[in-house]
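What follows is a short report on a single structure.
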Amino acid sequence: MEKELEKLVRVRVEALDAILGVPFKVLDDGFVRVMDYMGSDASVVQAARVSYGAGTRKIHEDRGLLRYLMRHHHTTPFEMCEIKFHVRVPMDAWRQWIRHRTASVNEYSTRYSVAIDAAQRTHASGWRKQASGNRQGSEGFLDPEKGAPLSAREESLHDLCRSIYEERLQAGVAREQARKDLPLSTYTEAYWKIDLHNLLHFLALRMNDRAQEEIRAYACVIGEAIVSRWCPLTWEAFKDYRLGSLQFSRLEAEVLSALNRGSPEEAFRLARESGWLEEGPEGFKRNRERQEFEEKLEILRIPPPWGKSGLPDDS
Amino acid sequence: MEKELEKLVRVRVEALDAILGVPFKVLDDGFVRVMDYMGSDASVVQAARVSYGAGTRKIHEDRGLLRYLMRHHHTTPFEMCEIKFHVRVPMDAWRQWIRHRTASVNEYSTRYSVAIDAAQRTHASGWRKQASGNRQGSEGFLDPEKGAPLSAREESLHDLCRSIYEERLQAGVAREQARKDLPLSTYTEAYWKIDLHNLLHFLALRMNDRAQEEIRAYACVIGEAIVSRWCPLTWEAFKDYRLGSLQFSRLEAEVLSALNRGSPEEAFRLARESGWLEEGPEGFKRNRERQEFEEKLEILRIPPPWGKSGLPDDS
Amino acid sequence: MEKELEKLVRVRVEALDAILGVPFKVLDDGFVRVMDYMGSDASVVQAARVSYGAGTRKIHEDRGLLRYLMRHHHTTPFEMCEIKFHVRVPMDAWRQWIRHRTASVNEYSTRYSVAIDAAQRTHASGWRKQASGNRQGSEGFLDPEKGAPLSAREESLHDLCRSIYEERLQAGVAREQARKDLPLSTYTEAYWKIDLHNLLHFLALRMNDRAQEEIRAYACVIGEAIVSRWCPLTWEAFKDYRLGSLQFSRLEAEVLSALNRGSPEEAFRLARESGWLEEGPEGFKRNRERQEFEEKLEILRIPPPWGKSGLPDDS
Amino acid sequence: MEKELEKLVRVRVEALDAILGVPFKVLDDGFVRVMDYMGSDASVVQAARVSYGAGTRKIHEDRGLLRYLMRHHHTTPFEMCEIKFHVRVPMDAWRQWIRHRTASVNEYSTRYSVAIDAAQRTHASGWRKQASGNRQGSEGFLDPEKGAPLSAREESLHDLCRSIYEERLQAGVAREQARKDLPLSTYTEAYWKIDLHNLLHFLALRMNDRAQEEIRAYACVIGEAIVSRWCPLTWEAFKDYRLGSLQFSRLEAEVLSALNRGSPEEAFRLARESGWLEEGPEGFKRNRERQEFEEKLEILRIPPPWGKSGLPDDS
């Protein structure tokens, strides 16, 4: 711990002060802006050093220590930083957002006030197609010619929903009930406050390819435009050890090891014993674990010892 | 702690086993059903007694101990019980429900699967009027003659939203995007798991008059039909010490004390010094703290020493 | 929400900046100091107003709104403020402190570093007697003449523990194991970060008479010297509605109401039916609920309709 | 979701029922025993399938789905299982245990009751040496001849601490204060309740080599003797994807990829540019990231392209 307990000046981060309150636009009518924050990269380091005592101060420099913490999942020091956002986001994306339980939230209330008069619009070229290989995702876009009538229908639906909402208010219906048929695309606003550790967890999940495009757009802005300014060393370590990392299961590591020892037969044997190589009429049967391993091998530019799997991925 | 560590049989509650899996209907098409649980009133008592050691076992009987815990906000023993529900609820009410962060949740995914084809309908006599005295609430109902056209409009809006949703799916739009204009009244389903302490906190907030009617309907079923069967002694104590309790602030207690000592002048003086009794053109000015105190006095059947406040409540 | 989204300057509280880093002494060798913070009374108000929309801004003034939030347990806006402390505290008190799970913590590690060479000493006049009426508490002090030999024994025990600890380190024993016989009174240090809502909950429990004196000393300093400077309006409301409040159960409210209606017989009947007035050889039998009610009546200066209970409290 | 909502029978796991209440011994006088539980592997699967809807039921079989969830960090379904333990553990290990904030806890209170009369003893051959390469760990044991006097000293210290504790109680000192100089090795007992997801997180950290031996002993028993019986498919997946997994950072993956493409020069260049290969007087300077990567290469049986680093690890 510190040897001298002196009066302090509050930690500040100039690069973040420079954008405090400034909205970053997201989607057609949404935004994220930083309202307040506490701490910096230095606060993470300081918290970690409570554990080390004063003596080790010389050995590690800050960047190395931060990277060590990130690499080894020593997560508590990252909780020492806190940030508060003001966000404007479609309710449909907010439904996913609010699933992160470790944040503090105050949302705009449509019981107290009239609902925000804006809903997320999709342009003719913005309609995404259902993914074939991933039941929960999307891939590619509809032809804008096919999209145009969908967008037109959407616009008139938004108008109708709003006019029905207003009819109800006019008739004296309570706001809390009048809102019940607003579309999920209606924008809401909220203050959202979270510590850096839990924010990084949010970003790891929501910047991921598997996240839905709308919330990913918010996550990318928060990560790349905000966290990168606030805690640049933490952000760098996060990209190296979380976003860009590759993880191998026990079996995958054994197969990889066999390949690296020049024993493709051993690799083949391990894979077969694990049920990765059952044969079907058109080559190996679909096996998710094998396919995911093949994707990692491709990143490492290692050909699988069992050749191409020969089957389309239709999970 | 227990002196003998013997093999145990798992605690069960017959009255809850008898309704396991059985749906209790809520609203027009929703339900709550218990899927699983752990513990009972006896588990709360057992946990509390860890703190007391064996010696005090004779002194308190279970009911008294449970009541003591509830009265003094000794909340951790109530965390030793856990319950898991399967609920079907309009997304609009679910938006409030999910704000309780201390539960575990798995919700039906409209990214993986087609959205549930049901939305909460409001009958002609079910349209609530905006409350005048409480900006966030409702009071009374619209005349069914005024409600009928609103219900008709709603029905056609629901049909339109659904057919637009299906058009999009037909056109190949990803489920995650096609759903964006479903109305908030669309039903969703989820597993919701929570411990008894946090469940009681949920019930205290959501069985309250100020809660929105829809979520209050669920909370009342959970409390009165389920918790009452599961942990009857806890439920009784909860009703006595939470739902039915009256709380007085420091100032309110002082005013009450003055009244009981037969010093209405002292009570009047305290109230005036606290700014409760500023005069306006038509009697005392509106003052929320005074009005809330008057409501409590009315429960106690004590007339306020300053007479009727004479002003409508228009908060 | 704000109508104009403009660049902001970070909220600061001068009265707190003035003591940032300054240690407040607690016990013989402990302290609390503020390391960092985020937000102020104004941040609570701002968060609450997200729910009201811009239009209500004129109606409530800040103080009234804050008091309303506190009175009605609208707790989420208070989560928008965050504070980080550096504390030095005996491990025995820390064991209680760390039970509050909603904080972020980094504690000095005696695996990495040699344990802090200080233990809490008790002076001859500081030995507290076991409470008779409250199994978990203390009341009054031992005669210093009886305390003096206890203090002398303690001092030599502390010295012995430390020299055994150092012997082990000298012999090459790992720090993580050498520490195992340090006394619970050994000081530790930590960073402790928590939001304002959860801090107030901590203070309500730990400033209470029933809290152990050591942790109460820390809680009082945090409340009276720090929160009072940081968020003075919140602190005032907390004292009025939490620390100084009186709560009556459903039954207690009914009895109180009967007394106020001038029906002591009705009050008597209610009490008897609830089992408060069972007679023993020397008056009413001990009954905790009745005794706690009598204590509240005494605060209100109302004599109980059943006379003095006549029995010592020996819970 | 289920198509038919029928009466259910509560899920049970015979293999766990068979050991309910039975203490598993840990350390010299500690234990872990299961008191209660809720759910099974099947509950995890059921929760995951809420997201998939009925249609996908045929595609995945349970084991495959569980493994998929574990591999892709879909953690919420694992929260649907809950377990409650009764543990007896030295306070020193409990200090680490209690840092896991996502559990419910009721600990034996030494304010209410006399402290447990047992402290963890270390035998002559049980004294561990300070690790040289890891500031926080231990490695190997002291010679029992050197350990014997330490054990003898410990025994007399334990006896002295206890007799001082009892002296204080005899003198009338409150239990809450008398205990202040008990050694950290004193045993305590608690109920500890946690969901399966958070339990696995606890196990991943506390079964790890870097965890202190005492708490690791408890974690291993919980994992290997209890979770393996309770949720065997989850346990298998946990061992494959958590305990036995290898993670590579972005840079490490790039170096590995270069090696696999047969470009050791490229691997060397990447490593040098990242500062891994700074030269000192006796070979490469110590670099933690490089050394950790070399350890992973060794597991894969791949020699580093820059030869042996030639320096002892003295972090």
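Going in written order, the chains are labelled A, B, C and D, and every chain counts its residues from 1.
Simple rule for what comes next: contacts are C-beta pairs under 8 Å (C-beta built on N, C-alpha and C of every residue); 3 or more make two chains touch, one makes a residue touch a chain.
Predicted model only: the values in this text are computed from it and were never measured.
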If a chain touches chain B and chain C alike, it appears here: A, D
Same-site or different-site touching of chain A by its copy chain B, using the half cut: same
Greatest separation from chain D - chain, by CA centre: B
Inter-centroid spacing, chain D versus chain B (mean Cα positions, whole Å): 38
Centre-of-Cα separation between chain D and chain C, whole angstrom: 32
For chain D, residues that touch 2 or more chains besides their own: 52, 56, 105, 109, 112, 135-136
Residue ranges of chain A in contact with chain D within the complex: 51-52, 56, 64, 67-68, 71, 73, 135, 205, 239-241, 243-253, 256-257, 260-261, 288-289, 292, 299-302
Residues of chain A touching chain C in the complex: 1-2, 5-12, 17, 19-23, 31, 33, 35-39, 43, 46-48, 50-53, 55-56, 76-77, 79-80, 82, 84, 86, 88, 104-109, 112-114, 189-191, 193, 195
Complex contacts: residues of chain C adjacent to chain D: 90-92, 95, 98-99, 101-102, 105, 109, 111-112, 119-120, 122, 127-131, 135-138, 142, 146, 150, 153-154, 157-158, 160-161, 164, 167-169, 171-177, 179-186, 212
